[in-house]
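Right, I'll just put the structure down here and ask away after.
The chains carry the letters A, B, C and D, assigned in the order they are written, with residues numbered from 1 in each.
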Amino acid sequence: MSVDSLFTQPGLYGVTGALAIGIGVYGLIVRPHLVRKIIAVNMVGSGVFLLFGAVADRAAPGPGGDPVPHAMIITGIVVALSATALAATLTLRLSRETGRTALPPEPEDPAVQDKES
Amino acid sequence: MTAALDAITVVFVLAGCFFFLAGNVGLLRFPDTLTRLHALTKADNLGLGLVVIGLMPRMDHPLSALKLLLVWALGMLAAATVGQLIARSVLRRGLPIWKGPQ
Amino acid sequence: MPGVVWGPDVGSGLLALAVVLPVAGALLILPLGRHAERVPHLLFMAGLVLATAIAYHVWIGGVLTAAIGGWPAPLGIVLRADGLSAVMLLTTALVLVPVGIFAAGEFQPRTADGRESRAGLLFWPLMMGVWAGLNGTFLSNDLFNIYVALELLTLAAVPLVTLEGKAGTLAAALRYLLFALLGSLLYMLGAALLYGTHGTLDLTLLADRVRDDASALIAAALMTAGLLAKTAMFPLHLWLPPAHGGAPAAASAILSALVVKASFYLVVRLWFDLFPSLLDDTGATVLGLFGAAAILSGSVLALRQARLKLLVAYSTLAQLGYLFLMFPLAGGGTEAQPWTAGAWSGGIFHAVSHAFAKASLFLGAGILVQGIGHDRIADLRGAARSLPMVIAAFGLSGLSLMGLPPSGGFIAKWLLLTTAMASGRWGWAVVMFAGGLLAATYVFRVLNRAMATPEQPLRLVQPVHQSRQLAVLFLALVSVLLGLVPAIPFELLQIGGGLSTVEGFR
Amino acid sequence: MTAFPLLDPALCFVILTTAVLAVAIRTVFAAVVSFIVFGLLMAIAWVRLGAVDVALTEAAIGAGLTGVLLLSTVARIAKHRADRGDDVPILEGPEPDPAPTDPLPGLATQSLAIVLSAAVAAALVAAVALLPVPAPGLVAEVGSRLSETGVESPVTAVLLAYRGYDTLLEIVVLLFALLGVWSLTADARWGGQPGLRHLARPDGVMAYLGRLLPPIGLLVGVYLFWIGGYRPGGAFQAGTVLAAVWLLAVMAGLVPIPKVSGIRLRLALVIGPAVFLAIGLAGYPLHGAFLGYPPAIAKVLIILIEAGLTISIATILGLLVAGAPEERPS
C-alpha cells in the first residue's frame, strides 16, 4: 500500500474518479426523479472511466498513455450514451402515460400488477 | 525571438482571461437575462479571440494556426445564434426585462 | 496465421460465427421489414446446427480457442469454448428454437392489412440481439469484451419487456435497466482494477497472474456485486418479478431462462477460474446465505401470487437461489474429498435444467392467457381438459422446480444435497429441502386448480395453434430428459474445466 | 506540468464540485446543466491525462449528446405536465423534484446510501493506492505491431484492428439502443416521423445558421473521419459532428426528418455494421481468422469500415436525439 501514489497526477485523477463514483451511487439511491437517476448512473460511469484512465496514465505518463484502456473508454462512453438514450425515452413515455417521473415504491402488491393486465 | 513570442502569448492569453472573467462576473451580477447575455457573449467572444491570438504563435504549423482561427469563428457564430435564440425566447415568454435602476 | 480456419482446426473458426449469425440476422431483418417473416426461424435452426457443431468439436477435440483477427492475447481478444461454454451455447440454441416457433403466433412483421407491425417486426431483431449478447458472453475470454456483450444483452432485453406497449411495464423496464446498468459499471470497475494490476483482461492470462491479495478482493467484490444485480440475486432482486412477469410470454421465457444465466455464468467463471481461493472464504458463505434467502423468500412470495405469470417469475428468484449455494458448498474440500466437483456440476446442471423448465412454464402461462383469456390461478378450473398439453408440460417442468425424479432439477439438487451432506454442512441441506417443499406447494396449487372439474366446461376464447402447444411440451420434455440421460451433458461439461469439474457425476 | 502544480488539483476540485451540484442542486434542469459542465470538465481532465481521443469523445458524446438528450427529456416532460395542466414550462419555473406524485426515500434509505457510497469510494481509493509500481500495460505491444494495421494512431489501431471485435459489438449496441427507443412508439404512429419539430421561422437566425453551418460541419466531419488513421479522431467523433449538422438542418426546417419505415434510412442504419461484418468474414479466407486483415490491404479495409461506421453512427445518433416516432404515417 502506498499512500504516496495517491498524490501523483494519475493518483489524483484516480481518487477523483473514485469520489465521483461515490457521489453517483448516492444520487442513484436517494434521488427519486428518473432524470436524476440517469444522471447519477452517467456520473458513476464517468468515474469508472476516469479511474480506468488514471490506470492507463500510470502505464505511460504524459501524452499518449496506454491506448488499450483509452479505446475501451471510448467504447464505454458510446455504450453509456446508448443506455442513456433508452432510459430517457422510457422516462419520457412513463411521464406521458402516468404523469410520474419516479419509479413507484417496490412493486410487490400483486393487485397493482393485476390492474395492469 | 522565442522570448518575444512568449511575451505575446502571455499578454494576449492573460488579456483573454480577463474578458472571460469579466463576462462571468456579468453573468452573475447583472439583473436580467438580456444584460447577462450581453455580458456573456461579448466578453467571451473577445476573450476567446484574444486567447486564440495568444496561442497562434505557438503552433508548429501555419495550418494549425488557421484551425485555431476557425475555432474562434465557429465559437462566435454559435454564441451569436444562441444569444439571439435565448433573447427571442425571453421576449416571447414575456419574462421580466430590466428597465434601469429604480 | 493463415490456414487456421481451413486447416484441421475448423472448430475454432466456428466460434466467431456464433456471434456473427445473430448480428447478421438483426441487420437483415431491419431493412427487410415486413418481408422478414421466415428469416428468424431459418437463423434459429442454423444457430442450433452451429451450436451443435461447436459442442461436437469441443467433445472430440477439447477446448477451442480462436484469436480474433489473428491478434493473440493480451493485445487482442481471444474466444474460448470449453465444456461449460458449449453447454450454455447449446442450451441457448435449444431454448430459442421452440420459443421462436411459439412467438411466430404472436409477432408477425406484417399486420393483417399488409403494413409493417411495430412489435411484430422489432421482436425479432431484439431476440437476435439477446442471442448475440448471450453467445458473446459465453464465448469471450476477455473481461472488457464481456462487458460490451453484457450491455448488448441488456439493451436488447429491456425493450422486450415493454414491447406490448402496456403502461404498467414501463416502470418495470426502467428499474431493470437501472439495475443492469449499475451492475455492468461495477463489473467494468473491477475489470479496470484488474487491468491496472496485471496489464491484461484475458481470463487465461489473468488466472495465472491474480494473487490472493487485497486488490484482487476489491476487484472480485465489485464484479460480483455488479453481476448479482444483473442476475437478480437477493438482496438486489426486486426488479425481476415485475419485468419478467409483465413482458410478453416469449420474452419472459428468454429473460428468465437465459438472460439472468449469463451474469450467473460469469460469476462462476470468476469465482472458480479467477479467484478460486475465495471459495474457502467467508465471501462464499455470504453468497450462499443470499442464495438461501432467495430460495425461501422467492418461494414464499411465489405462493402468494394470484397470477400464474407472476408466480412463475417469483419462482425464478427462488430457483436462482439454488445456483448460489454452489459457492459455499464448493469450498472447504480437500483432495481426498473434492466437494468442489459435486457442487460445481450441480449448480451448472441446475442452471441448464431450470432454463428449459422455466421457458416452458412462461410459454405455458402465455398460452393460458391466449386460450382462456387470463392467468388468474383461482379461475383455472378445467384448463387441463381444454389445454391438456400445456398443463402436462406444467407438471413436467414443475418436477424440475421441486427437484423430483426424473428431471434435470432432481439430478442438480441431488448433487448439491449429497455434497452438503457428505461435507456435513446440514444447514444448506435443510434450506434445499424447505425450498423443494415450498416449490411443491406452489406447483400443486396450480395443478390442483387446473385439474379440477369446473361447473361449466371451460370455453377457449381463442383457439391455440398446435405448434405453440408442442413448443411448450418440447421444452418441458427436455427438462425431464436431462434427468434421464445426464451422463452426456456431464461429460461435455467437464471438458477444460480444470480443477472444478473433476469427479463431477460419478 | 510542473509550471502549474495546482492545475490538476484545482481541476479535480471543480469536477467534484459540479458532480455534487448535479446530485444536490434543487431543480432537475439545473442538475442536467451541472452534469453537462461536469462532462466538459472531464474532457479537460482527459487532455491532462494525455488521452486526446477520449477527450474528443467525452466532449462530443459524454457531455454534448448526452446533455442534449437529457435537456430535451426534461423539456418534453415539462410539456407533458403543461398539457396535463399541472405545471409550468421548464425554463421559467423549476421542474419540481420530486414531482407531486414522486415519493421521497426515508431517513433509513438516506443513511444507507451515505454509508454505501462512502464505503465504495473508500474501497476504490484504497484500490488505487494498491496499484503496483511499475504499472503494467500494453503500450509496447500496441506499438510493436502497429505497422501490420496500416494506421498510425495507436487508439485507432486498438479500436479497429486489435480489438475491432469490441467496436463491432459497440456499434451493434448503439443500433439496439435506437431499436429500443423506436420500440416505445405507439402502434398507430409506427412508420411515421420522429418527434423532432422544426422550430425555425423561415427567415430567422436559426434557418440562417442551418444554411451556413452544414458545409463547414460536413468538412469538419470528413476531416475527423480521415485524420483518425493518424491522430486523434475517427468514426465516432466524425459521426457525432455529422449527426449534429444533420439535426441542425432538420431543426432549421431545411431537410425533413425521414420516416422510420423508409428503406434508405434502414440501409443507412445497418451499412456500418454490415460492412464491418462482411470484412470480418472475408478475414477467414484472407487472413485465416475472423476480422483478420492482410497487412498489405489493412489500411484500405480499415478506411472502408470507418466510412461505413461514420454513416451509420451519424444516422443512429441523430435519430436517438430525435426520439421515438410521434407523427402518424401519412
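In this text, a residue touches a chain if its C-beta (ideal position, glycine included) is under 8 Å from a C-beta of that chain, and two chains touch if they have at least 3 such contacts.
The structure presented is a predicted model; accordingly, all values stated were derived computationally and were not measured.
Colleague: Measuring between Cα centroids, which chain is at the maximum distance from subunit C?
Modeller: Measuring from the centre of subunit C, the most distant chain centre belongs to B.
Colleague: In whole angstrom, how far does the Cα centroid of subunit B sit from the Cα centroid of subunit C?
Modeller: Comparing mean C-alpha positions, subunit C is 57 Å from subunit B.
Colleague: Using mean CA coordinates as chain centres, what's the subunit A-subunit B distance in Å?
Modeller: Taking the average C-alpha coordinate of subunit A and of subunit B, the gap between them is 32 Å.
Colleague: Please compute the C-alpha centroid of subunit B, do the same for subunit D, then give the distance between them in whole Å.
Modeller: Computed value for the inter-centroid distance: 27 Å.
Colleague: Could you say which residues in subunit D touch two or more other chains, in rising order?
Modeller: 124, 126-127, 130-131, 135-138, 142, 162-163, 166, 170, 173, 176-177, 180, 184
Colleague: Quick one: which residues in subunit C touch 2 or more of the other chains?
Modeller: Where subunit C meets two or more other chains at a single residue, that happens at 75, 144, 148, 151, 155, 158-159, 162, 189, 193, 196, 199, 214.
Colleague: Enumerate the residues of subunit B that touch no fewer than two other chains.
Modeller: Within subunit B, no residue contacts more than one other chain.
Colleague: Could you list each pair of chains that touch one another?
Modeller: A-C, A-D, B-D, C-D
Colleague: Given the complex with subunit D, which residues does subunit A contribute to the contact?
Modeller: Of all residues in subunit A, those touching subunit D are 1-3, 5-6, 9-27, 29-33, 35-36, 38-40, 42-43, 46, 49-51, 53-68, 70-75, 77-86, 88-93, 95-96, 99-102, 104-105.
Colleague: Which residues of subunit A touch subunit C in the complex?
Modeller: 1, 21, 25, 28, 34, 37, 41, 44-45, 48, 51-52, 55, 58-59, 68-69, 72, 75-76, 79, 82-83, 86-87, 90-91, 93-94, 97-98, 100, 103-104, 106-108, 110-117
Colleague: Tell me, which parts of subunit D touch subunit B in their complex?
Modeller: Against subunit B, the touching part of subunit D is residues 89, 91-92, 204-206, 208-209, 212-213, 216.
Colleague: Quick one: which bits of subunit D touch subunit C in the complex? Just the residue numbers, please.
Modeller: These residues of subunit D touch subunit C: 123-124, 126-127, 130-132, 135-138, 141-142, 145, 161-166, 168-170, 172-173, 175-177, 179-180, 182-187, 190-191, 261, 263, 266-267, 269-270, 273-274, 277, 280-281, 283-285, 287-293.
Colleague: In the complex formed with subunit D, which residues of subunit B make contact?
Modeller: 74, 77, 80-81, 84-85, 88-89, 93, 95
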